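So, here come the structures, one by one.
Two complexes, one shared chain (subunit A), two partners (subunit B, subunit C).
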Partner chain A sequence: MKTLVIYDIELDKVRTKVSELCKDYGLQRIQYSAFFGELNTNRREELRQRIKKTLGRTVGRIHFFPICDKDLRLVMQVMNLPELLVDGDDGEASC
Partner chain B sequence: MKTLVIYDIELDKVRTKVSELCKDYGLQRIQYSAFFGELNTNRREELRQRIKKTLGRTVGRIHFFPICDKDLRLVMQVMNLPELLVDGDDGEASC
Partner chain C sequence: MKPLDLILDASESEKQHIIISQFGASLGKKSGRLVVREKGQVVTEVPFDRVEQVTVITSGASLSTDAIEECVRHGIEINLLDFRGSPYAKLFAPGLTATVKTRREQLLAFNDQRSIFLAKAFVRGKIQNQINTLKYFAKYRKSARQEVYAYLQDAALLMEKNLQELTGIDGLNIDAVRGPLMSVEGRAATRYWDAVAFLLKGYVVFPGRENRGATDPVNSLLNYGYAVLEARVLGAVLQAGLDPYAGFLHVDRPGKTSLVYDFIEEFRQPVIDRPVLAMVIAGVEIGMEGERLADGTKRDLLERIQQRLAATERFDGKKYPLQSILLRQARRMASYLRGDQKYKPFVCSW
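This part shows the complex of A and B:
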């Protein structure tokens, strides 16, 4: 089942280790603190345990969202990446 | 339907405005750049449009994940919040 892992982690070294763990389990980074990919129930629980151990008693919050195919078809995205802002202006936010 | 909104946004003023919009639409902050709550299809699209307008041509990436009740029951979390680390040590990460 596709799974989204998102996290707020205070210590840089712990955050780095958690992102490495997510990659080790085949997840792709979709945002700075968000990984996404296929995990079966055992692997999801195994990853959760390893992240919990890695976090230890340091400050952090990690969520695991399994996402079924039906929900996946409803996912939406708004995206402006630097390389897509072609004409060089840094763009103006309308707020 | 419950909806998770996660974002990476470069400019502070845009990020703040997007978080205000999420609150305006009744979502709860569950992480620094993640909001969660009930949104029907119209409201979800309306929020997406307003966030897109707010982002304008500045750098950012926002995902909207609708989450059905069945998936919701599978959500897991690992959490250490400062106030829960009672005995004062800043804790040791095991990594």
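This part shows the complex of A and C:
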């Protein structure tokens, strides 16, 4: 199932380690602190435990959201990408 | 950052075959991922459990020991190919799955009927696959190009006769039947390549089948393809715990993986000939650099072979990807030698 992983972690070092772990599990970065990708139940639990261990006793919160296909179809985005913004354009791009 | 749409559409975690073709590329490990760098820039990063195989087809590439270690732990084979496409090295864990019983029986089989049975099975599989390949290409030309259809059908019919000759061949040991077997195989092959030449007429110049040192596009593609297949077959044979140097049909020669040459016969046509012929017929431009295939063409062919290996075929009443049929057949050969099971060559449908 597709899973969204988002996190708030204060310590840079720990945050980097968590993002590396997400990449090891084949997740793709969609925001600075958000990863998204396919994870089955086992892999998700494995990742959760490894992230928990990595976090240790430092301050931080990590959320895992499994998302079903039906809900995925309702995904919406609003964005302004710097490379798409041209002068004089108010640059509203959405998909 | 990759756009969300692309990530949403990404198919579910298929395993990747990493092909390194850029001179000077390097293969390393970062955290739990395999990292490919070209000119110092990261070009691919794949988690190890999504890597199926690594193939290096260029010179001047470098591999880190960390990456090798992690690949081996995940059962990922690393194939190193020279410019001809022949595997000159293969990296895998030592003594992975070999049982002594398999090897002992394999060597003993050389002196009894089992070697004759297997050698005949390989030849039968090869000829049947050649026939089916001709039928496969004939069926799409039944109405459009009748003369080709008729020629291929005739050739297939004649080869069926070769197939029947096999039943009559018998002897005390493999040395006694090797000659007759090779003769049948050779005659069937001549008919097959004649038919292929007829099929390709008008598409490309095909001077007939040539093994090593061929300089025309079709033979170059075939030779490169076979060399790549050889690496896969070697992997399957080793995984089944067999000794790649002790063959049956092919005579022992120092440094020759005779069993690989025996066993590969079942797979040449389904895995290599079909995509190569399809590629030529489709009019794909085959780049040559002098007398050799251009790098881009090699890569293109490798990707087609990869797709073919991932494509499913009927086997044992079920559908399996060709690459897993390869493994299953190797294991089945091992278990036949240990006396557990009958062996039947893999025949690809048309």
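List of remarks:
Please note the rule applied: the second predicted complex is superposed on the first by the 87 of 95 C-alpha atoms of A that agree within 3 Å, B and C clash if a C-alpha of one lies under 4 Å from a C-alpha of the other, contacts with A are read in each partner's own complex, and residues count from 1 in each chain.
Assume a contact is a pair of C-beta atoms (placed from the backbone, for glycine too) under 8 Å apart; a residue touches a chain by one contact, two chains touch by 3 or more.
Every value quoted in this text rests on a predicted model; they were computed, and no experiment measured them.
In the overlay built on the shared chain, the residue A:P82 is in contact with subunit B alone; subunit C does not reach it.
Of the two partner chains, subunit B is the only one touched by A:L4; subunit C is not.
Of the two partner chains placed around the shared chain by superposition, subunit C is the only one that A:G37 touches, whereas subunit B remains out of contact. Shared-chain residue A:C68: touches subunit B; no touch with subunit C.
In the overlay built on the shared chain, the residue A:V14 is in contact with subunit B alone; subunit C does not reach it. Among subunit B and subunit C, the chain that touches a larger number of residues in subunit A is B. Within the superposed three-chain model, A:L55 lies in touch with subunit B and out of touch with subunit C [touch as defined at top]. When the two complexes are overlaid on their common chain A, residue A:G26 makes contact with subunit C while staying clear of subunit B. Judged by the document's definition of touching, subunit A residues 30-31, 75, 77, 95 lie at the interface with subunit B and also at the interface with subunit C. Interface residues of subunit B, counted against subunit A in their complex, comprise 4, 6-8, 11, 13-14, 17, 30-34, 44-45, 48, 51-68, 70-71, 74-82, 85, 89-95. Remark: subunit C residues 1-2, 4-5, 7-8, 10, 12-13, 30-33, 45, 47, 49-50 touch subunit A in the complex. Within the complex, the subunit A residues that touch subunit C are 2, 20-21, 23-26, 28-31, 36-38, 72, 75, 77, 95.
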